[in-house]
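Two complexes come next, and they have one chain in common, subunit A, joined by subunit B in the first and subunit C in the second.
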Partner chain A sequence: MVVRIIVNLKRGVLDPQGKAVLGALQNLGFSSVKDVRVGKVIYLRLEGVDKGKVGGIVEEMCAKLLVNPVIEDYQWEIVEE
Partner chain B sequence: MKFGVVIFPGSNCDMDCYWAVREVLGEECEYIWYKDTDIWDFDCIILPGGFSYGDYLRAGAIAKVSPIIGALREFVKDESKLVIGICNGFQILLEAGFLPGAMLRNRNLKFICEYVDVVVENNETPFTCLCERGEVLRIPIAHMEGNYFADEKTLKSIIENGQVVFRYHKFNPNGSIYDIAGICNRKKNVLGMMPHPERCCEELLGSTDGLKIFRSIVAYHGGKVEA
Partner chain C sequence: MVVRIIVNLKRGVLDPQGKAVLGALQNLGFSSVKDVRVGKVIYLRLEGVDKGKVGGIVEEMCAKLLVNPVIEDYQWEIVEE
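Entry: the complex of A and B
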(Lines of atoms letter the chains of each structure in order from A and count residues from 1; the text may use other names and numbers.)
(Lines give C-alpha, C1' and ligand atoms only; values in the text may rest on other atoms or scores of the structure.)
Protein backbone atom coordinates (compact mmCIF):
# COMPACT_ATOMS: atom_id res chain seq x y z
CA MET A 1 0.00 0.00 0.00
CA VAL A 2 1.03 3.59 -0.46
CA VAL A 3 0.81 6.22 2.25
CA ARG A 4 1.00 9.92 1.52
CA ILE A 5 2.31 12.22 4.23
CA ILE A 6 1.93 15.97 3.85
CA VAL A 7 4.33 18.01 5.97
CA ASN A 8 3.78 21.71 6.52
CA LEU A 9 5.34 24.40 8.64
CA LYS A 10 3.14 25.09 11.64
CA ARG A 11 0.85 28.06 11.58
CA GLY A 12 2.75 31.00 13.02
CA VAL A 13 6.15 29.72 11.89
CA LEU A 14 7.62 32.03 9.26
CA ASP A 15 7.81 30.41 5.82
CA PRO A 16 10.36 32.43 3.82
CA GLN A 17 9.90 30.17 0.79
CA GLY A 18 6.14 30.75 0.83
CA LYS A 19 6.73 34.50 1.12
CA ALA A 20 9.03 34.47 -1.92
CA VAL A 21 6.51 32.48 -3.97
CA LEU A 22 3.74 34.87 -2.86
CA GLY A 23 5.80 37.83 -4.09
CA ALA A 24 6.47 36.14 -7.42
CA LEU A 25 2.80 35.28 -7.97
CA GLN A 26 1.79 38.84 -7.20
CA ASN A 27 4.44 40.11 -9.63
CA LEU A 28 2.78 37.93 -12.27
CA GLY A 29 -0.47 39.78 -11.65
CA PHE A 30 -2.21 37.24 -9.43
CA SER A 31 -3.38 39.93 -7.05
CA SER A 32 -5.94 37.67 -5.41
CA VAL A 33 -3.20 35.61 -3.71
CA LYS A 34 -2.79 36.78 -0.14
CA ASP A 35 -0.68 34.04 1.37
CA VAL A 36 1.38 31.05 0.26
CA ARG A 37 2.70 28.21 2.40
CA VAL A 38 5.10 25.68 0.88
CA GLY A 39 5.23 22.19 2.35
CA LYS A 40 6.40 18.79 1.21
CA VAL A 41 4.85 15.49 0.29
CA ILE A 42 6.34 12.10 1.19
CA TYR A 43 5.08 8.83 -0.34
CA LEU A 44 5.81 5.55 1.43
CA ARG A 45 5.29 2.15 -0.14
CA LEU A 46 4.64 -0.35 2.66
CA GLU A 47 4.48 -4.11 2.46
CA GLY A 48 3.31 -6.74 4.90
CA VAL A 49 1.58 -4.32 7.24
CA ASP A 50 -1.96 -4.73 8.60
CA LYS A 51 -4.12 -1.79 7.70
CA GLY A 52 -4.97 -1.34 11.36
CA LYS A 53 -1.31 -0.90 12.26
CA VAL A 54 -0.38 1.60 9.56
CA GLY A 55 -1.28 4.60 11.69
CA GLY A 56 1.02 3.58 14.51
CA ILE A 57 3.93 2.91 12.15
CA VAL A 58 3.53 6.13 10.19
CA GLU A 59 3.25 8.19 13.34
CA GLU A 60 6.37 6.62 14.76
CA MET A 61 8.27 7.35 11.53
CA CYS A 62 7.10 10.94 11.64
CA ALA A 63 8.09 11.35 15.29
CA LYS A 64 11.51 9.79 14.81
CA LEU A 65 12.57 11.25 11.49
CA LEU A 66 10.15 12.57 8.91
CA VAL A 67 8.76 15.56 10.81
CA ASN A 68 10.34 18.08 13.16
CA PRO A 69 7.56 18.72 15.70
CA VAL A 70 9.10 22.03 16.77
CA ILE A 71 8.25 23.66 13.46
CA GLU A 72 6.17 21.21 11.42
CA ASP A 73 2.71 19.60 11.35
CA TYR A 74 1.68 16.64 9.23
CA GLN A 75 -1.30 14.68 7.93
CA TRP A 76 -1.26 11.25 6.34
CA GLU A 77 -3.58 9.01 4.38
CA ILE A 78 -3.55 5.73 2.50
CA VAL A 79 -3.71 6.62 -1.19
CA GLU A 80 -3.30 3.12 -2.63
CA GLU A 81 -4.47 -0.12 -0.98
CA MET B 1 43.31 17.24 26.02
CA LYS B 2 41.94 15.09 23.22
CA PHE B 3 39.58 16.46 20.58
CA GLY B 4 37.62 14.44 18.04
CA VAL B 5 36.13 15.72 14.79
CA VAL B 6 33.20 13.71 13.45
CA ILE B 7 33.01 13.10 9.72
CA PHE B 8 29.54 12.53 8.28
CA PRO B 9 28.95 11.90 4.58
CA GLY B 10 28.83 15.49 3.39
CA SER B 11 30.80 17.16 6.19
CA ASN B 12 33.12 19.76 4.69
CA CYS B 13 34.56 21.73 7.61
CA ASP B 14 36.10 18.68 9.26
CA MET B 15 39.63 19.41 8.03
CA ASP B 16 39.37 23.07 9.05
CA CYS B 17 38.40 22.02 12.58
CA TYR B 18 41.22 19.49 12.69
CA TRP B 19 43.68 22.11 11.49
CA ALA B 20 42.54 24.68 14.05
CA VAL B 21 42.79 22.24 16.95
CA ARG B 22 45.88 20.29 15.90
CA GLU B 23 48.03 22.81 14.09
CA VAL B 24 46.99 26.15 15.54
CA LEU B 25 46.04 25.17 19.07
CA GLY B 26 48.53 22.30 19.28
CA GLU B 27 46.15 19.88 21.00
CA GLU B 28 45.66 16.21 20.27
CA CYS B 29 42.97 15.60 17.65
CA GLU B 30 41.55 12.67 15.69
CA TYR B 31 38.84 12.19 13.13
CA ILE B 32 35.82 10.08 14.11
CA TRP B 33 33.87 8.27 11.40
CA TYR B 34 30.10 8.70 11.85
CA LYS B 35 29.63 4.96 12.28
CA ASP B 36 32.08 4.78 15.19
CA THR B 37 30.72 4.56 18.71
CA ASP B 38 33.91 4.07 20.74
CA ILE B 39 34.42 7.67 21.81
CA TRP B 40 35.19 7.63 25.53
CA ASP B 41 38.84 8.52 24.94
CA PHE B 42 37.85 11.95 23.78
CA ASP B 43 37.35 15.01 25.97
CA CYS B 44 35.69 17.25 23.41
CA ILE B 45 33.92 16.18 20.24
CA ILE B 46 33.29 18.59 17.38
CA LEU B 47 30.40 18.14 14.94
CA PRO B 48 31.69 20.18 12.00
CA GLY B 49 29.91 22.19 9.36
CA GLY B 50 28.95 21.03 5.92
CA PHE B 51 25.95 19.36 4.37
CA SER B 52 25.57 15.98 6.06
CA TYR B 53 23.48 13.76 3.79
CA GLY B 54 23.08 16.67 1.41
CA ASP B 55 20.70 18.39 3.85
CA TYR B 56 18.06 15.95 2.58
CA LEU B 57 14.69 16.03 4.39
CA ARG B 58 15.88 18.79 6.75
CA ALA B 59 19.39 20.00 7.60
CA GLY B 60 20.78 17.51 10.14
CA ALA B 61 17.70 15.27 10.10
CA ILE B 62 19.32 12.15 8.69
CA ALA B 63 22.62 12.56 10.53
CA LYS B 64 20.72 12.50 13.81
CA VAL B 65 19.97 8.78 13.43
CA SER B 66 23.62 7.81 12.79
CA PRO B 67 25.53 5.59 15.26
CA ILE B 68 27.81 8.38 16.50
CA ILE B 69 24.81 10.42 17.68
CA GLY B 70 23.56 7.47 19.71
CA ALA B 71 26.99 7.23 21.35
CA LEU B 72 27.03 10.99 21.99
CA ARG B 73 23.80 10.72 23.99
CA GLU B 74 25.70 8.66 26.57
CA PHE B 75 28.87 10.75 26.21
CA VAL B 76 27.22 14.04 27.21
CA LYS B 77 25.71 12.56 30.35
CA ASP B 78 29.22 12.97 31.76
CA GLU B 79 29.39 16.72 32.35
CA SER B 80 33.16 16.80 31.94
CA LYS B 81 32.74 15.68 28.31
CA LEU B 82 32.12 18.48 25.85
CA VAL B 83 30.40 18.61 22.47
CA ILE B 84 30.45 21.57 20.11
CA GLY B 85 28.33 21.63 16.96
CA ILE B 86 29.27 24.23 14.40
CA CYS B 87 26.79 25.25 11.68
CA ASN B 88 25.55 21.89 10.30
CA GLY B 89 26.76 20.42 13.60
CA PHE B 90 24.42 22.84 15.42
CA GLN B 91 21.58 21.79 13.12
CA ILE B 92 22.27 18.13 13.94
CA LEU B 93 22.27 18.85 17.69
CA LEU B 94 18.86 20.55 17.35
CA GLU B 95 17.41 17.74 15.26
CA ALA B 96 18.74 15.14 17.67
CA GLY B 97 17.25 16.97 20.64
CA PHE B 98 20.53 17.76 22.44
CA LEU B 99 19.51 21.42 22.21
CA PRO B 100 16.02 22.96 22.13
CA GLY B 101 14.46 24.67 19.10
CA ALA B 102 14.84 24.23 15.35
CA MET B 103 16.36 25.88 12.29
CA LEU B 104 14.38 27.56 9.54
CA ARG B 105 15.56 28.84 6.19
CA ASN B 106 17.25 32.22 6.35
CA ARG B 107 14.72 35.03 6.25
CA ASN B 108 16.06 36.30 2.91
CA LEU B 109 16.28 32.74 1.45
CA LYS B 110 19.93 33.32 0.63
CA PHE B 111 23.03 31.37 1.48
CA ILE B 112 24.96 33.88 3.56
CA CYS B 113 28.74 33.70 3.74
CA GLU B 114 30.32 36.65 5.55
CA TYR B 115 31.99 37.87 8.71
CA VAL B 116 29.54 38.86 11.46
CA ASP B 117 29.90 40.24 14.96
CA VAL B 118 28.56 38.15 17.80
CA VAL B 119 28.26 39.13 21.46
CA VAL B 120 29.22 36.72 24.21
CA GLU B 121 26.03 36.60 26.28
CA ASN B 122 27.26 34.04 28.75
CA ASN B 123 30.93 33.54 29.59
CA GLU B 124 30.24 31.02 32.31
CA THR B 125 30.42 28.07 29.95
CA PRO B 126 33.32 25.77 29.05
CA PHE B 127 33.29 27.29 25.57
CA THR B 128 33.49 30.96 26.51
CA CYS B 129 35.29 31.02 29.86
CA LEU B 130 38.21 33.07 28.48
CA CYS B 131 35.86 35.69 27.00
CA GLU B 132 34.37 38.69 28.74
CA ARG B 133 30.63 38.89 29.07
CA GLY B 134 29.48 41.33 26.38
CA GLU B 135 32.68 40.90 24.39
CA VAL B 136 32.18 41.13 20.64
CA LEU B 137 33.80 38.42 18.52
CA ARG B 138 34.22 38.62 14.76
CA ILE B 139 33.50 35.19 13.29
CA PRO B 140 32.30 34.20 9.80
CA ILE B 141 28.99 32.50 9.07
CA ALA B 142 28.20 30.38 6.00
CA HIS B 143 24.71 28.89 5.93
CA MET B 144 21.27 28.70 4.35
CA GLU B 145 19.40 27.47 7.43
CA GLY B 146 20.51 29.55 10.39
CA ASN B 147 17.22 31.17 11.25
CA TYR B 148 16.92 29.80 14.76
CA PHE B 149 13.38 29.29 16.00
CA ALA B 150 11.95 28.33 19.38
CA ASP B 151 8.45 28.78 20.73
CA GLU B 152 7.89 31.47 23.38
CA LYS B 153 8.06 29.11 26.31
CA THR B 154 11.31 27.52 25.14
CA LEU B 155 12.87 30.88 24.37
CA LYS B 156 11.98 32.19 27.82
CA SER B 157 13.49 29.15 29.48
CA ILE B 158 16.78 29.23 27.55
CA ILE B 159 17.18 32.94 28.32
CA GLU B 160 16.46 32.41 32.02
CA ASN B 161 18.83 29.46 32.24
CA GLY B 162 21.72 31.31 30.63
CA GLN B 163 21.68 29.00 27.64
CA VAL B 164 21.95 31.82 25.11
CA VAL B 165 25.72 31.93 24.59
CA PHE B 166 26.10 34.07 21.45
CA ARG B 167 23.85 36.70 19.87
CA TYR B 168 24.37 38.57 16.62
CA HIS B 169 25.58 42.10 17.33
CA LYS B 170 23.72 45.02 15.71
CA PHE B 171 23.02 43.05 12.52
CA ASN B 172 20.93 39.88 12.42
CA PRO B 173 21.87 38.15 9.14
CA ASN B 174 19.30 35.35 9.05
CA GLY B 175 16.22 36.36 11.05
CA SER B 176 16.95 34.16 14.07
CA ILE B 177 14.71 34.75 17.06
CA TYR B 178 16.24 36.96 19.81
CA ASP B 179 19.26 37.37 17.45
CA ILE B 180 20.49 33.97 18.61
CA ALA B 181 23.77 32.75 17.10
CA GLY B 182 24.61 29.99 19.59
CA ILE B 183 23.04 28.18 22.53
CA CYS B 184 24.06 25.50 25.01
CA ASN B 185 22.19 22.84 26.95
CA ARG B 186 21.21 23.23 30.59
CA LYS B 187 24.31 21.45 31.83
CA LYS B 188 26.45 23.74 29.63
CA ASN B 189 28.53 20.91 28.16
CA VAL B 190 26.91 20.97 24.71
CA LEU B 191 27.19 24.09 22.53
CA GLY B 192 25.67 24.72 19.10
CA MET B 193 26.67 27.79 17.11
CA MET B 194 26.14 28.94 13.54
CA PRO B 195 29.36 31.00 13.21
CA HIS B 196 32.53 29.08 12.32
CA PRO B 197 35.27 29.63 14.93
CA GLU B 198 37.57 27.21 13.09
CA ARG B 199 37.64 29.61 10.15
CA CYS B 200 39.13 32.47 12.13
CA CYS B 201 42.02 31.12 14.17
CA GLU B 202 44.85 32.78 12.26
CA GLU B 203 45.60 36.40 11.30
CA LEU B 204 45.89 35.30 7.69
CA LEU B 205 42.17 34.49 7.74
CA GLY B 206 41.11 37.93 8.95
CA SER B 207 40.42 37.25 12.62
CA THR B 208 41.72 35.11 15.46
CA ASP B 209 38.60 35.41 17.58
CA GLY B 210 37.67 31.78 16.93
CA LEU B 211 40.73 30.72 18.91
CA LYS B 212 39.18 32.20 22.06
CA ILE B 213 36.52 29.53 21.92
CA PHE B 214 38.96 26.66 21.42
CA ARG B 215 41.32 28.09 24.06
CA SER B 216 38.39 28.40 26.47
CA ILE B 217 37.66 24.71 26.02
CA VAL B 218 41.28 23.80 26.78
CA ALA B 219 41.46 26.16 29.76
CA TYR B 220 38.22 24.78 31.16
CA HIS B 221 39.42 21.24 30.77
CA GLY B 222 42.74 22.02 32.47
CA GLY B 223 41.02 23.89 35.25
CA LYS B 224 42.97 27.05 34.42
CA VAL B 225 40.01 29.34 33.93
CA GLU B 226 41.43 32.83 33.59
CA ALA B 227 39.91 36.00 32.28
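Entry: the complex of A and C
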Protein backbone atom coordinates (compact mmCIF):
# COMPACT_ATOMS: atom_id res chain seq x y z
CA MET A 1 0.00 0.00 0.00
CA VAL A 2 1.04 3.59 -0.47
CA VAL A 3 0.75 6.17 2.29
CA ARG A 4 0.97 9.88 1.59
CA ILE A 5 2.21 12.14 4.36
CA ILE A 6 1.93 15.90 3.98
CA VAL A 7 4.29 17.86 6.21
CA ASN A 8 3.66 21.57 6.68
CA LEU A 9 5.31 24.26 8.70
CA LYS A 10 3.14 25.26 11.63
CA ARG A 11 1.26 28.53 11.44
CA GLY A 12 3.54 31.29 12.66
CA VAL A 13 6.77 29.58 11.67
CA LEU A 14 8.72 31.62 9.12
CA ASP A 15 8.83 30.07 5.65
CA PRO A 16 11.65 31.65 3.61
CA GLN A 17 11.05 29.30 0.67
CA GLY A 18 7.40 30.31 0.56
CA LYS A 19 8.37 33.99 0.73
CA ALA A 20 10.79 33.52 -2.16
CA VAL A 21 8.10 31.87 -4.28
CA LEU A 22 5.64 34.63 -3.37
CA GLY A 23 8.11 37.28 -4.48
CA ALA A 24 8.85 35.46 -7.72
CA LEU A 25 5.15 35.02 -8.54
CA GLN A 26 4.43 38.69 -7.86
CA ASN A 27 7.38 39.70 -10.02
CA LEU A 28 5.88 37.61 -12.80
CA GLY A 29 2.69 39.65 -12.51
CA PHE A 30 0.53 37.29 -10.44
CA SER A 31 -0.74 40.04 -8.20
CA SER A 32 -3.63 37.99 -6.80
CA VAL A 33 -1.23 35.81 -4.80
CA LYS A 34 -1.07 37.10 -1.27
CA ASP A 35 0.76 34.33 0.56
CA VAL A 36 2.67 31.16 -0.22
CA ARG A 37 3.64 28.30 2.08
CA VAL A 38 5.76 25.38 0.96
CA GLY A 39 5.76 21.94 2.55
CA LYS A 40 6.80 18.38 1.80
CA VAL A 41 4.86 15.42 0.59
CA ILE A 42 6.24 11.95 1.26
CA TYR A 43 4.95 8.76 -0.35
CA LEU A 44 5.80 5.52 1.43
CA ARG A 45 5.26 2.15 -0.21
CA LEU A 46 4.66 -0.34 2.60
CA GLU A 47 4.48 -4.11 2.25
CA GLY A 48 3.20 -6.73 4.62
CA VAL A 49 1.57 -4.24 6.95
CA ASP A 50 -1.87 -4.76 8.49
CA LYS A 51 -4.20 -1.92 7.61
CA GLY A 52 -5.01 -1.51 11.28
CA LYS A 53 -1.37 -1.02 12.16
CA VAL A 54 -0.49 1.54 9.49
CA GLY A 55 -1.41 4.50 11.68
CA GLY A 56 0.93 3.43 14.45
CA ILE A 57 3.81 2.79 12.09
CA VAL A 58 3.37 6.08 10.25
CA GLU A 59 3.19 8.02 13.50
CA GLU A 60 6.36 6.35 14.72
CA MET A 61 8.18 7.15 11.48
CA CYS A 62 7.08 10.77 11.70
CA ALA A 63 8.16 11.04 15.33
CA LYS A 64 11.54 9.42 14.72
CA LEU A 65 12.55 10.87 11.37
CA LEU A 66 10.12 12.55 9.04
CA VAL A 67 8.67 15.42 11.05
CA ASN A 68 10.12 18.00 13.37
CA PRO A 69 7.26 18.43 15.85
CA VAL A 70 8.59 21.77 17.08
CA ILE A 71 7.95 23.51 13.78
CA GLU A 72 5.98 21.05 11.63
CA ASP A 73 2.52 19.48 11.49
CA TYR A 74 1.56 16.49 9.39
CA GLN A 75 -1.42 14.59 8.10
CA TRP A 76 -1.41 11.21 6.40
CA GLU A 77 -3.71 9.01 4.37
CA ILE A 78 -3.63 5.77 2.44
CA VAL A 79 -3.67 6.72 -1.24
CA GLU A 80 -3.29 3.23 -2.73
CA GLU A 81 -4.40 -0.05 -1.16
CA MET B 1 -9.13 31.22 -1.27
CA VAL B 2 -6.34 28.75 -0.75
CA VAL B 3 -5.10 26.44 -3.49
CA ARG B 4 -2.93 23.44 -2.74
CA ILE B 5 -0.58 22.23 -5.45
CA ILE B 6 1.20 18.90 -5.03
CA VAL B 7 4.31 18.55 -7.18
CA ASN B 8 5.80 15.09 -7.63
CA LEU B 9 8.70 13.74 -9.59
CA LYS B 10 7.51 11.74 -12.58
CA ARG B 11 7.67 8.00 -12.40
CA GLY B 12 11.12 6.89 -13.49
CA VAL B 13 12.90 10.07 -12.44
CA LEU B 14 15.55 9.38 -9.82
CA ASP B 15 14.70 10.70 -6.37
CA PRO B 16 17.86 10.90 -4.24
CA GLN B 17 16.02 12.52 -1.34
CA GLY B 18 13.49 9.68 -1.33
CA LYS B 19 16.28 7.12 -1.44
CA ALA B 20 17.98 8.79 1.52
CA VAL B 21 14.76 8.72 3.54
CA LEU B 22 14.20 5.07 2.57
CA GLY B 23 17.67 4.15 3.79
CA ALA B 24 17.22 6.05 7.03
CA LEU B 25 13.84 4.42 7.75
CA GLN B 26 15.24 0.96 7.07
CA ASN B 27 18.21 1.68 9.33
CA LEU B 28 15.73 2.60 12.05
CA GLY B 29 14.15 -0.83 11.67
CA PHE B 30 11.13 0.00 9.51
CA SER B 31 11.62 -2.99 7.25
CA SER B 32 8.11 -2.79 5.75
CA VAL B 33 9.03 0.36 3.81
CA LYS B 34 9.97 -0.61 0.29
CA ASP B 35 10.08 2.72 -1.49
CA VAL B 36 9.94 6.42 -0.68
CA ARG B 37 9.28 9.37 -2.98
CA VAL B 38 9.45 12.96 -1.83
CA GLY B 39 7.64 15.87 -3.44
CA LYS B 40 6.57 19.42 -2.69
CA VAL B 41 3.31 20.87 -1.57
CA ILE B 42 2.61 24.53 -2.23
CA TYR B 43 -0.24 26.52 -0.70
CA LEU B 44 -1.24 29.71 -2.47
CA ARG B 45 -3.55 32.24 -0.89
CA LEU B 46 -5.31 34.05 -3.71
CA GLU B 47 -7.49 37.11 -3.42
CA GLY B 48 -9.93 38.65 -5.86
CA VAL B 49 -9.87 35.68 -8.22
CA ASP B 50 -13.00 34.29 -9.87
CA LYS B 51 -13.46 30.62 -9.02
CA GLY B 52 -13.81 29.85 -12.70
CA LYS B 53 -10.46 31.44 -13.48
CA VAL B 54 -8.42 29.73 -10.76
CA GLY B 55 -7.52 26.76 -12.95
CA GLY B 56 -6.06 28.92 -15.67
CA ILE B 57 -4.04 31.02 -13.23
CA VAL B 58 -2.69 28.00 -11.37
CA GLU B 59 -1.70 26.30 -14.60
CA GLU B 60 0.09 29.44 -15.75
CA MET B 61 1.97 29.70 -12.42
CA CYS B 62 3.01 26.07 -12.66
CA ALA B 63 4.18 26.45 -16.24
CA LYS B 64 6.12 29.65 -15.55
CA LEU B 65 7.66 28.94 -12.16
CA LEU B 66 6.44 26.18 -9.90
CA VAL B 67 6.82 23.00 -11.92
CA ASN B 68 9.52 21.63 -14.17
CA PRO B 69 7.41 19.75 -16.72
CA VAL B 70 10.37 17.67 -17.89
CA ILE B 71 10.66 15.83 -14.59
CA GLU B 72 7.62 16.82 -12.53
CA ASP B 73 3.87 16.28 -12.49
CA TYR B 74 1.37 18.25 -10.45
CA GLN B 75 -2.18 18.24 -9.27
CA TRP B 76 -4.06 21.06 -7.59
CA GLU B 77 -7.24 21.66 -5.68
CA ILE B 78 -9.00 24.42 -3.77
CA VAL B 79 -8.65 23.59 -0.08
CA GLU B 80 -10.24 26.71 1.36
CA GLU B 81 -12.91 28.88 -0.27
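Worth pointing out:
As a convention for this text, the second predicted complex is superposed on the first by the 81 of 81 C-alpha atoms of A that agree within 3 Å, B and C clash if a C-alpha of one lies under 4 Å from a C-alpha of the other, contacts with A are read in each partner's own complex, and residues count from 1 in each chain.
Here is the rule we use: contacts are C-beta pairs under 8 Å (C-beta built on N, C-alpha and C of every residue); 3 or more make two chains touch, one makes a residue touch a chain.
Values in this document were obtained by computation on a predicted structure and should not be read as measured data.
In the superposition on chain A, A:Lys64 contacts both subunit B and subunit C. When both complexes are overlaid on chain A, the residue A:Ile78 reaches neither subunit B nor subunit C. Considering which of subunit B and subunit C touches more of subunit A, the answer is C. In the superposition on chain A, A:Tyr43 makes contact with subunit C only, while subunit B stays out of contact range. By the touch criterion defined above, A:Pro16 reaches subunit B but does not reach subunit C.
By the document's definition of touching, of the two partners only subunit C reaches A:Leu25; subunit B does not. Comparing the two complexes, residues 64-66 of subunit A contact subunit B in one case and subunit C in the other. On subunit A, the positions that touch subunit B within their shared complex are 9, 13-14, 16-17, 20, 64-66, 68, 70-71. Across the interface of their complex, subunit A is touched by residues 6, 8, 18, 21, 24-25, 28, 30, 32-49, 57, 60-61, 64-66 of subunit C. Within the complex formed with subunit A, the subunit B residues making contact are 57-58, 61-62, 64-65, 94-95, 100-102, 104-109, 147, 149-151, 175.
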